Structure formats: C-alpha cells, structure tokens
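Chain IDs A, B and C follow the sequence of writing; residue 1 opens each chain.
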Amino acid sequence: MPQGLSTTFSVGQERTADAQSAISGSADSGPIFEFSSESSVDGNANPQLGSTFSSLQITKEPGSVADYRDPMIPTSATFQPAARMLKISSREPKLKTRQLWEGTVIGVRNGGFAAVLRDRTNPSNPDEQGSFNFEDTEISADDLGLIHPGSTFYWIIGTEVTPAGQVKNVSMLQFRRVPAWTELRLQRNAESAHRLRESFQEEA
Amino acid sequence: MRRSDPPAVDEFEISVIGPGRGECVIVHLGDNHWCVVDSCVPRRLAEPVAIEYLNSFQNGALAGVELIVATHWHDDHIRGLASIVSKVPTASFFCSNALNTDNFFALAETASATIQGASGVEEFSAILGIITDNASTRQARRLASPKWVVENRSLVRSIQPSRSFPVTITALSPSDGTVRRAYQEIANLLPRAGEAQRRIPSISPNHTSIVLWIEAGPLRALLGADLEHTGNPGDGWMAVVGCHQSHRESQRASFIKVPHHGSANGDYPSVWTRMLTPDPLAVVTPFNAGANRLPLPSDLERLAGRTNNLYCTAPGPGKVPTRDSVVEKTMRSQLAGRRVIDGQPGHVRTRWSVNVENPQATVEVFHGAYRV
Amino acid sequence: MSDLIPEISGGALVLLGSFNPKIFQPEWFARQQLLPQAEADAAEIKILIPQVSHFETERFVIQVTTERFAVTSKASANPAPLRDLVQGTFFILEHTPVTAMGLNYLMHFAMGSEEKWHEIGDRLAPKEPWNQILEGRPGLLSMTILTQMNEPKGSQFRIKVEPSAQVQFGVYFETNEHYPAPENEPLRGLMGILGERWEDAQIYAARVVNHILSWARTDC
C-alpha cells in the first residue's frame, strides 16, 4: 500500500508534512485509489443515520465557526476522525499502554493506601490486591485529596516515546474524577427510594 | 460420582463453593427443588457459580430454585445474585430486615445513580429493579417483594406428602437489636451533599447476616454466613445461640458452614457445644482480600480441634497471571503485599439419603477443595 | 499468539444534540471536579465563542458546537478517563437534549516490515483484479466497513482501515460504535450505554483489529 504525499481526503488521519517525512519508506508513491468514499457511505446512503463519525476538522488555526464544519461530513454524523484531533506529530509524546488497572481504595494509612485492582487490559483475569506507598508512587498533588476508601483510580503502566525519540517506561496513577453529590440529587434519590420501598410494603 | 451428576430426589445436598472472595451455598431440598444462599463468581465476567453448577445437571435444576437468600449485602457475598434472580423469576428473594429501611433503599438508589459503579449495594439495586419489573409484568406475583428476614422467620416449611422429605428453613438472625443497630450504620454510609461519589465500602462487623437453620427429614444443618461474635447478648452469635436455646434446645446440627471464613471474630464456642453434634461436618470458605487472609493457620488449628471433619473450599489465592515483563517489573517495584484475591472456586458437596435409617453423609471435593 | 499493542492509540466520545458551548470552559470542568485544577489552568484555548468551544488540556481535546459535543484523548494519554469526563459532565448537565452517541477508538499498529504491511492491504483489497484494469500500481487508500449491531435498535459498528500516516509500515484503524438515543430518557439511556459499553467497545475493537492483523502475522 503506497503512501502518498498528496492526498485529497479530508477525514481520517492527520497527514502533516512532519509525519509524512518521518514514515515514508518508499520513495515512489504510486497513484492513490480511493477504495471507499466516506460521504457515499454516510451522507447519501442514510441521511438519518446520525452516525457518530463526525468531523471537526482543523486544517488551520481556527478562526470562525465555519472552520468547524467539514463539507464532506454531514452534521448528523457522530463519528470522529480522532487522529486529527490528537495532534499526533513529532511534537507530542506518545503513550503505549501495556497494562491498565482500575483500582478501588479499600484503606488509607499514613504513607499510603491499599487497593483492590481490576485488570482492564484482560478483564477475565482475577482481581488483585496490594498497597501503594506515596513515596514510591507518582500521584499528582491534585489527586492526593481524592484518596479515600471507595475512591477509584486508573493505574497505567506503559511506554512513552518522547518528542526527542527517547523511550521510557511510565507508571501513572490517576484518580477518577467524578462530580459531587448535590442536595437536590440526594433528595431525589431519597424520594425515589421511599416510593419503591412503599410499593414493596403494599404488596408484601 | 461426577460433579454433574444430580442428586437423587430423596437426597439432601449442601454444596458450598468458595473461590477466595465470596461464597455460595446451594441446597437441594428434594425433588429437584433448590435454595441458593449468596452468590459468587469465579472471576469477573463469568457466570455465577450457582447457575453453572445447577445447569451442569442438564435437568432443569435452575428452574427448580424456590428461594434465593442474600445473607448480607457485602459485595463479596452477592456478586452475580441479580443474574440468578433474573433467571428464576418464580423464586422468592429473602434478605435481612435490617435492609428494610428508607436509608438502605436510598443507598441502593445512590449506588445505581453513581457513575463509580460496582459495589454490593449496586447488585442489590439491580435485584430490586428486577423484582419491580417482574411485579409490573405480573411474571411472578410471588416475587412482588423481597421477603424481610428476622430471627425465627420461617423461609421454607415444606411438609407435603408429595415431597420426598419434609424440609424447613428458619432464620436464626438477625435479632431485633441487631436490626436497630444496623439502621444507624447504614445511615452513616449515605453520602452527604458536596461529597464526591465513591464506591460504598462493605463495612464490618456484619450484624445483619442471616444465619439459617435447615431441617431435612432427621438431618440438621447450620449455615453461619458471615455472622461474628460481638460479645453482646443482643446480637451476633450470642443472640443466635440464645434464640436456638429458646426454640429448639435439644436439636443439634451435624453440618455447619463455618461463619466468617473461620475467623476468630466469627467464633463462639457455645455454637459448637450447644448447636452442633460432636464432630460435625464443617466447611470453611477462604477469604483472600482484606487485611488478612482467612482462615489464618491458627483458625484452621482451632477448627480442627473442634471437629475431625473439616473441609476448606479452596487451597488459597489463585496464581498470578503472566504479564509483560515491563509490567511485572513495574508492579513489583510499586505494589507491596500483592496477591490475587480471586481463586479457583473450590466446591465441597455433601449429600445424604434422607429416607434411610441413620443417614450418612457422602462428602466430595472438587476443583481444589480439600479436607483439612 | 498474543495481541499486538498499538504504537499510538486514542479514543473519542461524540454526542449529538443541543449544547451551549459557552458552558464548556476549562474552569467549569475544574469547578465541577471533573478536571484537576492544574490541568484546567494549563489548558490551551483554541476558540471560545458562543457557537464553539475548543480547547486542549494535557490529556484531552474538547470541542463543542451547538450540535455536537466531542472529547478526544490525546496520544500521550490513556483513553480510560474519557468516559469519566463525559459521564461526569452529563451527570451535572442532566437535562441536555441528545440524539446520538459515538464511541470511537483509533489505533496505529506497526507491521514490522513492508511485506507484512502489504499483506493486510492485499487481504482487504486484492490488487490483482485492479491490476488488470488500471494502469500503474493501484493500492488501498482507505476501506470502511459498516454493520448493524444486534442491539440496541439502530446501533451500528464501523471500522476504517488505512495505511498509517504516523507509523512506518503501519496500519491505522478507526472504530466507531454508534448509538441513537432511546426515546425514553435519552441522555440517561446513552449514559447508561456508555457506562456499560465503554470498556467492552475497546475490547471488541481490539479483537476485530487483531483479527485483521493476524492475516499478516506469519507466527499465527
């Protein structure tokens, strides 16, 4: 599959000059054949599709609303050519996740906390348990305040390729950010719960 | 016998399955009628062990489940229970009366509304939802409401001539005092405005546990759930022994599902001297999570001193799966005290032919379960 | 044979509906405890006008118009927290009208050699028939397959395959699971699907992709 430098597609991967020169392996880029047309699949075939492959293509620094509309993609589409949004280029590090855990804090002590870990990379693997020490683990200052029994976090173990091309192993704990309960929400829960319980008492 | 060989119609069976986190007790009440007490799964995404076991008979046993009991709401004891409830809409669902409060229902509603997900309370919320759906579609009027259990409530009283043997199942706990105490503990778990959403922890001690007394013909069995000894006559095992003394003082069980994973907290010597025959058949399920793995070696020693017929459902935590070497190295450097907490679901099965003189137990072990 | 790990990967969540872009600013997300304050403070604002909000943080790119809400994880971040950000946002903005949702994953895989790279293309779109009718050296530029999912009604799965523009002798995949909003409680319904499907969608995408990649892996 030859990779060409001059293409006319407007969705999909970002093909900056930097990226192209970095990966081009064969000097002769043959003619490109468009195997399938995005617009014919999405827009014409089923205008009600509302497919989730929407494009918010940024081809230059945005200056107006019009820059956020791509004529090739119907506004009802919800797909996202996410690669272009990722600014994948030599300017940003790239993370290759080797293992993702989701942990639940089961106890907090001075200097660390214990957690049950659920394997998100291979969900059929059994849960594990262990303790983290603050001094051995990278937890951001913002996240330290989130550590309570019952709070959950991601533990990402992987490899990062820096913009300079260096490869380093990384391990990050990121606590899940969830909104706080509001008085209104809790009151609604309580009212709904009361109604449900009442219905059971009537039928018992 | 093979594990997939079903019991005879006049065989009383108690199967205890425990993978290292959680447990499930499956009881054959005769004539392919069943009772399921608690639930566990061998690993995430897997079928509850009760469904797997009953389906292995290939004789419609699952449809014969008459009652489902959640002895308490901790997630290690009811994982997968909602799935069983949904598959058997005709079964009655029993749970502790300590949960029959607006606060617990609010807790369940909160668990289902939170985006944190995955706790025992959420499983309970799912069960309540299934019950509500079933009632509204009139699939099973019997399932119109959970059945709330306190001490001395009868869950099953089956003495019809058409049944191969009479069966009764009675709850010995929770006591009224326990229920009142649990109300406050549950209220303390409710989140307050401004607090971030979190998974609701399984608190201990668990006073609300339902202990069951089963009579099948001449046989007696005691299922100890996770009840602990608190030292207070009004709750825990002291209350259970007191209740037993009041109503069935002379009766002794020849089988016990050891409470609270054989822990010292769950041990009350009077249970063994006043409620059990000498040398009863005792089955303990391990618990690999939490601060200490249970049973401790000292627990096994203590239990072995009480009976020569002690079985354990699983030999210990499962093997650590093989992972990428970079991952393993990182985990070793950052995670202390690492252990697998789900293991192979070992299975201890005990069967008795009820309608013979002096029925004797036949014990079989599967999948790593062993005699201590 | 173990699955390949992508060299570059990311995810994107897209919602269609009616939104007020003015709301979606870094400080709002920090105030709602959905982003760490430090990440919000360091956000790079691309545009903030009544019709469009577009900014980037260390981990996310957020773009909102009056009809579309899209959050994308960066290549430098794991996509797992995407779900939390979206669920949290619409837990708070619980009355937002929505019509559809898309769960997107993208992956760049290195095939290791030009030969294996061509094997993928040849398997997907054999060159021989085209060689017979076209001049030059025809090759696959892009292929998209679309299928309906069993449930819920109206849901679809789409996968796009292209030569990678970022990884030498690499193959790029984009997957999309599309869900129309249910009639009853549309936002709650979609958030429920998000909660249930986010992990499985990634696993399913990886399984499909690795199956395609196995066509070129001689060690299968």
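Criterion: a contact is a pair of C-beta atoms (placed from the backbone, for glycine too) under 8 Å apart; a residue touches a chain by one contact, two chains touch by 3 or more.
If you're wondering where the values come from, they're calculated on a predicted model, not measured in any experiment.
Touching chain B and chain C together: A.
Taking the mean of all protein C-alpha atoms as the reference point, the chain centroid lying nearest to it belongs to A. Taking each chain's centre as the mean of its C-alpha atoms, the one that lies farthest from the centre of chain B is C. Counting C-beta pairs in contact, the chain pair with the highest total is A-C.
A straight line joining the Cα centres of chain B and chain C is 42 Å long.
Chain A and chain C have Cα centroids separated by 8 Å. As a whole-number value, the distance joining the C-alpha centres of chain A and chain B reads 39 Å. Shown for chain A are the residues in touch with two or more other chains, namely 98, 123, 176, 178-180. Residue numbers of chain C whose C-beta contacts span two or more other chains: 33, 84, 87-88, 91. Residue positions of chain B touching 2 or more other chains: 115, 196. Only residues 98-99, 104, 106-107, 112, 114, 116, 118-119, 122-133, 136-137, 146, 148-152, 157, 159, 169, 171, 176, 178-183, 185-186, 189-190, 192-194, 196-197, 199-201, 203-204 of chain A touch chain B when the two sit together in their complex. Of all residues in chain A, those touching chain C in their complex are 1-3, 7, 9, 12-15, 19-20, 22-26, 30-36, 38, 41, 49-54, 56, 58, 61-63, 65, 68, 75-76, 78-83, 85-88, 92-98, 100, 102, 120, 123, 140-143, 154, 156, 158, 160, 174, 176-180. Within the complex formed with chain B, the residues of chain C that make contact are 33, 84, 87-88, 91, 191, 195.
Within the complex formed with chain C, the residues of chain B that make contact are 115, 117, 196.
Touching chain A in their complex are the following residues of chain C: 5-12, 14-16, 32-39, 46-47, 49, 51-52, 54, 56, 61, 63, 65, 67-68, 70, 72-78, 80-81, 84-85, 87-88, 91-92, 99-104, 106, 108, 114, 117-118, 120-121, 125, 130, 134, 136-144, 146, 156, 158, 160, 162-170, 172, 174, 176-180, 199, 203.
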